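You will see chain A twice below: alongside chain B first, and alongside chain C after that.
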Partner chain A sequence: MKKPPILERMTDVFRDVLDNETVALTRETTANDIEEWDSLSHITIIVAIEKEFNIRFNLADLKPLRNIGEFEDLIALKTGSQD
Partner chain B sequence: MTFNSLAYVLFLPLVFLAFQTAADRYRWLVLLIASYAFYGFMLQPSLLLILAFVTAFSYLMGKYIDRETNNGTRKKQLLFSVLVNLAILVYCKYLLFVVENLNGLLDIFSPETSIPLPKPMVSIALSFFVFQAISYLADIYFGITGSEPHLGRFALFMSFFPKLLQGPIERAGSMLPQLMRPYRFDYDGIRKGLLLFGWGLFLKTVVADRLAFFVDPVYNNVQAYAGIPLIIATYAYAFQLYFDFAGYTNMALGSARLFGINLTQNFNSPYLATSCADFWRRWHISFSRWILDYIFQPLQMKWRNLGINGTALALFVTFLLSGIWHGASWNFVIWGVLHGIFMAASAYYKPYKKKIHKKFRIDNSRWVSIWQVAVTFHLVCFTYIFFRASTIEDSWHIVTNLTQFNENYKYIHDSGIRLFIKENIIMGQYMLDLLTTISVLAVTLIVYKNRTVSLFEKPTWFRWTCYYAILVIILSLQVTTKTNFIYLQF
Partner chain C sequence: MMNYFTYPLNPVALLRKKKSIRRELSCLPNLADKRIAILGGSTTAEVRDMLELFLLHAGIRPDFHESDYNRYFEDIMFPESGLRNFRPEIIYIHTSSANIQRFPAIDDTLETIEELLESEMDRYAGLWRRIEQDYGCPVIQNNFEMPHYRLLGNLDAYDRHGRTAFISMLNHRFAEEARKRKNLYLNDINYLAAWFGLERWHDRLFWHSYKYAMNYEAIPLLADSIASIIRSIYGKTKKCLVLDLDNTLWGGVIGDDGLQGILIGKETPEAEAYTEFQRYVKELKERGILLAVCSKNDEANAREGFTHPDSILSIDDFAAFFANWNPKHENIRRIAETLNIGFESLVFADDNPVEREIVRAQMPEVAVPELGSDVAKFIDILDKTGLFETVSVSRDDLQRNLFYAANTEREKQQEQFASYDDFLRSLDMVADIAPFFPLYLDRITQLTNKTNQFNLTTLRCTLSEMEAMSCDQNRITQYGRLRDRFGDNGLVSVMAGIVKGVELHVDLWLMSCRVLKRGMESAMLDSFVARAKTRGLSGIVGYYYPTAKNCMVQDLYKEMGFRRLPPDTTDNGTAWHLDISQGYSRKNTFITVKQ
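The block that comes next holds the complex of A and B.
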């Protein structure tokens, strides 16, 4: 079965970790747009994303990311041929 | 020179005039000279040298890290530059504390030997600009910002006088671009800046310094009190500390606005927080973001295989270090440990929180929020006992005697209330002042509720009544004893 697109799976992870069903991610979304997404919850989200996509990040990969779009591209790059 | 001194009231307009008359390409220089002069007023030449060294060193290291392409080398460069910065901080701020404790240890094993005590050093502003330097270097390493090519502008980023002594701790990405752009005279911004400055002065000299009357007599003579006076003093301290630091921050933000610079907001109604995590989102924001971004996140990432235990441990270590940052004393260590425990506990509780609330059908209850605010405030107040008390013994006395009011009347009478009233001998007058202050504050808060914007949309007569009111209140109700800002010691 074909897996849903990355952005959809990311949205599920965000909703699950932040315990907020109203989270809606677009490529332009930034941490400023989602109240619960802050310095405290950031790495918890990252780790959940790592589990979901079975990949591993470095802090240095993540820090320069400016929005969900860039994050999605990074996941696509890391997962390689999966999508 | 501090913001509530006469010298600053003369200094600020002079710098403003020089800034306005200078050609745009030299404006950074005016501010840089002013900033070093401002720091020079502390009469600590060694601090000026340290600031200059940290600036030059971080400027160069930033360039190297930016230029280097080999990841291993970059990491080493970052590590080296952070360690040098921390070494300076430890040497100036913690050496005496470390040696004292080593001597205490030595005393157990060989009472004859002891290490000679180093001279105590003044370290005003040091922990703030060292933290800023570290964040600059880390941000370059992580590719968040590039290195600043202009040494002068970088030096201004490090030393800009409105934020030099007590922050906010600025990020390169938000402040350096502001120093780069050409200055445009902004009447509205200057007006807001002045109002913010006046408001801060009011919070400091009228509110915070007055609250100190209820705090200092008790906390400077703790052993004489039990029960209610200890509770009053601790509550009063919570508000003194907030108004002192928020007052300072408003004055810093207001001063910076005069030069077209927007600094980071440090507070967002911290005592309305609904959890300790929420408190740290609202209290000393530039600092909490710093420790979360540069200590907590790397640790959490490193210990992610430990799951929730890793998160809890990372939180604990982060807040322990935050305690140590505040000062070289066991009291601050305990304060940090307490916040560490609260935060770690909340990491375990969090997954169950919503479920429990849902189970009891209280997830949308107003009363739950009120309860959460009250509990959080009291947890925070409890930690302030250690934050404010001079020694461990004092803090312990307060903690163990806080609820001694159920003892017989004689006991209370002898060990507290009477002395509290006597110590506040002119308490009647203070009370009157305080009532005036609170009513004025309430009115002003209502005016201020929609922030300064709405005030500026009001008709001229209304605005000027407010300006005069603040001015008259500051002049007539200010506490004239010379006081420093509390956070100056950190």
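The block that comes next holds the complex of A and C.
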């Protein structure tokens, strides 16, 4: 069975971690757009994303990401995904 | 909800869902507020969040104070920090091997290494002393996990220059200190890290990026461990393990397979695993946990199982034995009644998921670990859940099963007497009632925190608060021990009051249900009144605060001849007055009291 697209699964993770069902991610979304997305919840998001996609980030990966688009690309690269 | 907190923990789900879990747990009724300071040598934000979940789940709503990053030392030593105003009730010092000031260098002399060890110990001893002075509250202190790398390889463990050796020495010294200091409780992260896996524990990425001293996924395990200690400091520990029989204590179904057919002993790997589990259960009993059977079986069949030559447990090991075809939650209620303990003191172990679910639904207070059906995992699941965590093992714990066995003897005797009074007289009861005494403070605190039914005020106190109470000149305190011809019941009752003007206000009066209906409460009141008269006081004021558990004592003061005071005397209970200026008639007739 084909899994939903990366952005959709990322949205689920964000909604769980931030406990906010209204979070809607686009490639342009940044931390400034979501109130609860602070440095503390960011760490939890990183860990939850790793588990969701079964990947491990390395030190170089975790340099500041400008927006969700960059985050999505990083996940795509790590998973070798086509979408 | 419950399943998030049983072993094996699911750290990923706990971390990902923590906000919604927290939202749900915060709505639970009767949460007790506690002020807890987390003083960290590394980042503590997630430790705080996870600890909050585990404490809420245990019925405690924490208010936290966190030190700034790696300011644990300054926060304690310099009073201008926010810690003073916070007035912590518990201080948790979250340090780790990353906080060791200096490890031995390879060319250090043995004297230098000794000095390093002493200077490290002095730092912590200074902190503990200061906390004792300034706050007098319990301290939970991490010990040290084994190091990330070993410069000397295996030699690291025994050459005095090795980090592994140095950390082992420190842990040894911490254990010595914790044995000596009443208020110091060690959080054994050395064991936690080993259990979690040292390779995963030392997550360098999270250390370098966020200064977390351990893997993010180890934090729920850590929080569970701290919460277990806090639960046990406040006496919220389990007293009784209720066990299913078929496929729990032995393999197979005794009613179908017969005594020869059940799996126990050494014949097969499965039989060995059941034997190991029975041995674990027996060891729990030996350290003071009561055992009970709750099984769907004909009683004769159930009993026969324990006559198996390889059975480690015998019928006598169980304080209550219910084998019948009634629903299990009904039997569990009867077990609680038989043993005179609350539902929240029970743990239910059953391999059958349906039975577990029914008990969870019918009796939410009972802890029901996800035992599964693989006997090889049973021990881990009970052991790592921290349900039976204890901060000390008292003589009373070790004798608890004897107390209950003696109770059964007393009940048999009771049937032979014409009247209950005759029975009481035949017991030859002797009580020892005296002011709080240092040797007994551990037991006094333990009893105070776990007694729910015969407890007028349900005031909970830490050991330090009890110590303060026993030294307070404005207070009158007493404990009561009771023995009879069947044995020693141990320390079973506690009373304390505060002197205001010419009256003694009783804010603590409780008694173990082990000695209900023996007249001990009368003996306690007699002694208390005598003490008050010696101080020249003219009246006793008693309070009753209702809880879900203590309705058995709602009329106690009335029965003791107190007069009810107007309702506005107290907020949420009843207040009672006894005039002792015109004399007092003793209530106790069956117990010889040694003052």
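Observations on the model:
To be clear about the criterion, the second predicted complex is superposed on the first by the 78 of 83 C-alpha atoms of A that agree within 3 Å, B and C clash if a C-alpha of one lies under 4 Å from a C-alpha of the other, contacts with A are read in each partner's own complex, and residues count from 1 in each chain.
To be clear about the criterion, a residue touches a chain if its C-beta (ideal position, glycine included) is under 8 Å from a C-beta of that chain, and two chains touch if they have at least 3 such contacts.
What you are looking at is a predicted structure, and each value in this text was computed from that prediction instead of being measured.
In the overlay built on the shared chain, the residue A:D38 is in contact with chain B alone; chain C does not reach it.
Contacts of A:E70 after superposition on the shared chain: neither chain B nor chain C is touched. Applying the stated contact rule after C-alpha superposition, one finds that A:A60 touches chain B and leaves chain C untouched. Of the two partner chains, chain C is the only one touched by A:A48; chain B is not.
Legend: residue contacts after superposition of the two complexes on their common chain; A:V17 is shown touching chain C, with no touch to chain B. Chain A uses residues 19, 40, 43-44, 47, 59 to touch chain B in one structure and chain C in the other. Interface residues of chain C, counted against chain A in their complex, comprise 12, 15-20, 23, 45-46, 205, 208-210, 216-217. Contact residues on chain A toward chain C in their complex (touch as defined above): 13, 16-19, 40, 43-44, 47-48, 51, 57-59, 62.
Touching chain B in their complex are the following residues of chain A: 19, 38-40, 42-44, 46-47, 50, 59-60, 63-64. Per the touch definition, chain B reaches chain A in the complex via residues 71, 139, 141-144, 277, 280-281, 288-289, 292-293, 296-298, 300-301, 304, 311, 354.
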